[in-house]
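Listed after this line are the structures, all set down as structure tokens.
Below, chain A partners chain B and then partners chain C, in two separate complexes.
Up next is the complex of A and B:
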């Protein structure tokens, strides 16, 4: 954790906009921000459903399409964002976030409203804010870029979960590749701290899936009960 | 009845609110959905109508609505009351969206004090206008205290209030704004809907968002979430019942309004949900025509 923050503060020298690195954001910001938000709302209200996010022509090096779409629709000068060391070392990403979102980048993860990170960089949730019992909404929302996502447990190197809870009629399957074991354990155990917790968005290419703190996770076992994973796309 | 898509008036941003305000409200909505029943504070804005006329619901609607949406607005179940008509026109003008009076056709439904009789579908969003979002407010006036009570899940005071009803009247006399527990964790006010509508909240396939403009709070119930009305083992939760049926459609299972028809005390009972009543009356007419033929 210390090394994460040290590296991150070294990268803070890059927090200026380099105009030569800028790319276009949404072509029609009002409509596309709204569409992206509705996808985020569907994702959060029905955890485990895969959303194909509104796309831009290009995204800054280091971010996938879904993360960039989320950033453009939710980030602004009123919220704080923490970048993982690898992402903070991407001048194009920093410049475009500062230019398009005017967002405030922070060095300490626990001060952040949003944290952007690659799955292979993160082995713990400890650096982030879980909110307090009286103000649980002050927690950090984590956007984690992963190598693969699926709602069927077909990924070879992924963690298969059965999800239950609000927004899920029976249960859903979710398979997220590339998560470190310790992070998975912490995600599962953090459910005991509800209403405190971390709301996660997993992104891969154009796809996004939400895992809010209210969703219960269990490591997949063969099950017989009905699931609504196939009806997940109907809305 | 669907109205053709109106063109958006010039001089306003899409759906009236500026983009930064919408983003702030959108972030609050996502938190609210992630913590079902918890009231998330937000920076409420002035709207071009007074508090108490649904400014909270309107701010939520303005942040959620898109050009593809079809909006329905109801006030006490009716599409044709002043509040409903004003808000529907407001969004038709500022967002240029299509509006409808049909529950089945709507993607967004903003409501004051009723849940439509027709069961809502997954993918629809129901947005409530909320006057007082804190269920414990009339028991404990201090926000610092009610916050602690929610944090500690200390809800005994509400059970005492309901018990006092039983002791005084012999039954739970609270008939609207009846407190519920969401997902077994947070106590929530469903807004001043009649308790008749409380069972519809439980496991509803549609997403429910609640906006309180005066108190600047947003809260939510995701689809398929457990919502239980408070009660006692020996005094279980019950909803209102009527001996009368609707004078227009004959419904004996919907929420009825009592309408005084003259100075001599004559009265009639009609469905409070105008769309549901219209639909039933129409199918009754069609049935009657078929029978004649």
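Up next is the complex of A and C:
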């Protein structure tokens, strides 16, 4: 009993559950978790395809539907999660993650199996774990909430990428809005560290796109935009 | 932990949650039906069956060890007034967990507390106490006093 109490006091030393903020999880946990996991598999095996995730009635403030579905199906007591400062300041999100997922929230991003973050908060991948050559699977998986996603290059403010690699027959287009330039450059350069690397999941509203570390990225050449907008991104 | 209603004393809540968890499912159900309360609620966590590891300590104070797993049913729900009720029940009876969570929520509500306490919790606690006493008496009759003679070794 003492050890149980120690465990729970360790967990609560970081954050505690506020019962008044709890919302319902999946209505049918087993089936919906499996469905969300299947959609995640499809997204990861075919990088760049948009998946519409299973939905819950409500999400905790700070998360979009797709991120909440991912959290409910992926996070459990055996994994560690890092929340970006803005998300960590949302008591409803913290309470619901602790209650529904019983997940361990960590303060340092490099200890995390999963990181949840908003696109405008992240300008570098450096804080996360890239895994080791012996155990590349121990890297952090990044769930990044972005303002818009498209598989056509139609988003004006977005960064257009051409994706190639496993799971893509020829090439695929992906447009992710709201990513910072430095993060984009790091994403592209981090491909050189394969098999180490960060698997990214971009979420927007109900939509999920996966960008596993095996996918090669190149920035689309601008068609109707002046070139100087993109020159700043080239190092 | 903050509650939307008046703060409930932890010890009191632990007591009624323990009584509800230990109560016989059929007796709890009969008494709950007799109260004829039909509160509206929303599930936070549907009644679900799982396993929990029981841990023991050698001699009650030694190093901990895993004794084995037991089945457990848990449920969490929110009444329309916002009160959260939680239940953890040994075994696989989802209805028992649901009823216990409902009662837990209603007991935190001042307007139902006294009635539930007198018509549900107190009788169930008395039955539990009586059953325990009967079982203890039965067990005590079979008690054997062991003793070891000192063998003069140091």
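As a working rule, the second predicted complex is superposed on the first by the 207 of 235 C-alpha atoms of A that agree within 3 Å, B and C clash if a C-alpha of one lies under 4 Å from a C-alpha of the other, contacts with A are read in each partner's own complex, and residues count from 1 in each chain.
By definition in this document, contacts are C-beta pairs under 8 Å (C-beta built on N, C-alpha and C of every residue); 3 or more make two chains touch, one makes a residue touch a chain.
Bear in mind that the values here come from a model prediction, so they are computed numbers and not experimental data.
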item: Chain B versus chain C as contact partner of A:166, first or second or both or neither; value: first
item: Partner chain(s) touched by A:134 [first = chain B, second = chain C, both, neither]; value: first
item: Chain B versus chain C as contact partner of A:17, first or second or both or neither; value: second
item: Touching partner for A:106 - first (chain B), second (chain C), both, neither; value: neither
item: Partner chain in contact with A:149 - chain B first, chain C second, else both or neither; value: neither
item: Contacts of A:217 with chain B and chain C, given as first, second, both or neither; value: neither
item: First (chain B), second (chain C), both or neither touched by A:208; value: neither
item: Contacts of A:29 with chain B and chain C, given as first, second, both or neither; value: both
item: On chain A, positions contacted by chain B and by chain C; value: 29
item: Complex interface listing, chain B residues touching chain A; value: 13-14, 19-20, 22-24, 26-36, 38, 40-41, 63-67, 122-123, 147-148, 150-152, 183, 185-186, 205, 207, 220-226
item: Chain A to chain C touching residues, read off their complex; value: 1-4, 16-20, 22-25, 27-29, 99-100
item: Interface residues, chain A side, partner chain B - complex; value: 29-31, 33-35, 37-38, 40-41, 44-46, 73-79, 113, 132-137, 141, 165-169, 194-195, 199, 212-214, 234-235
item: Chain A contact footprint on chain C (complex, rising order); value: 1-4, 42-46, 48, 55, 64, 76, 78, 82, 84
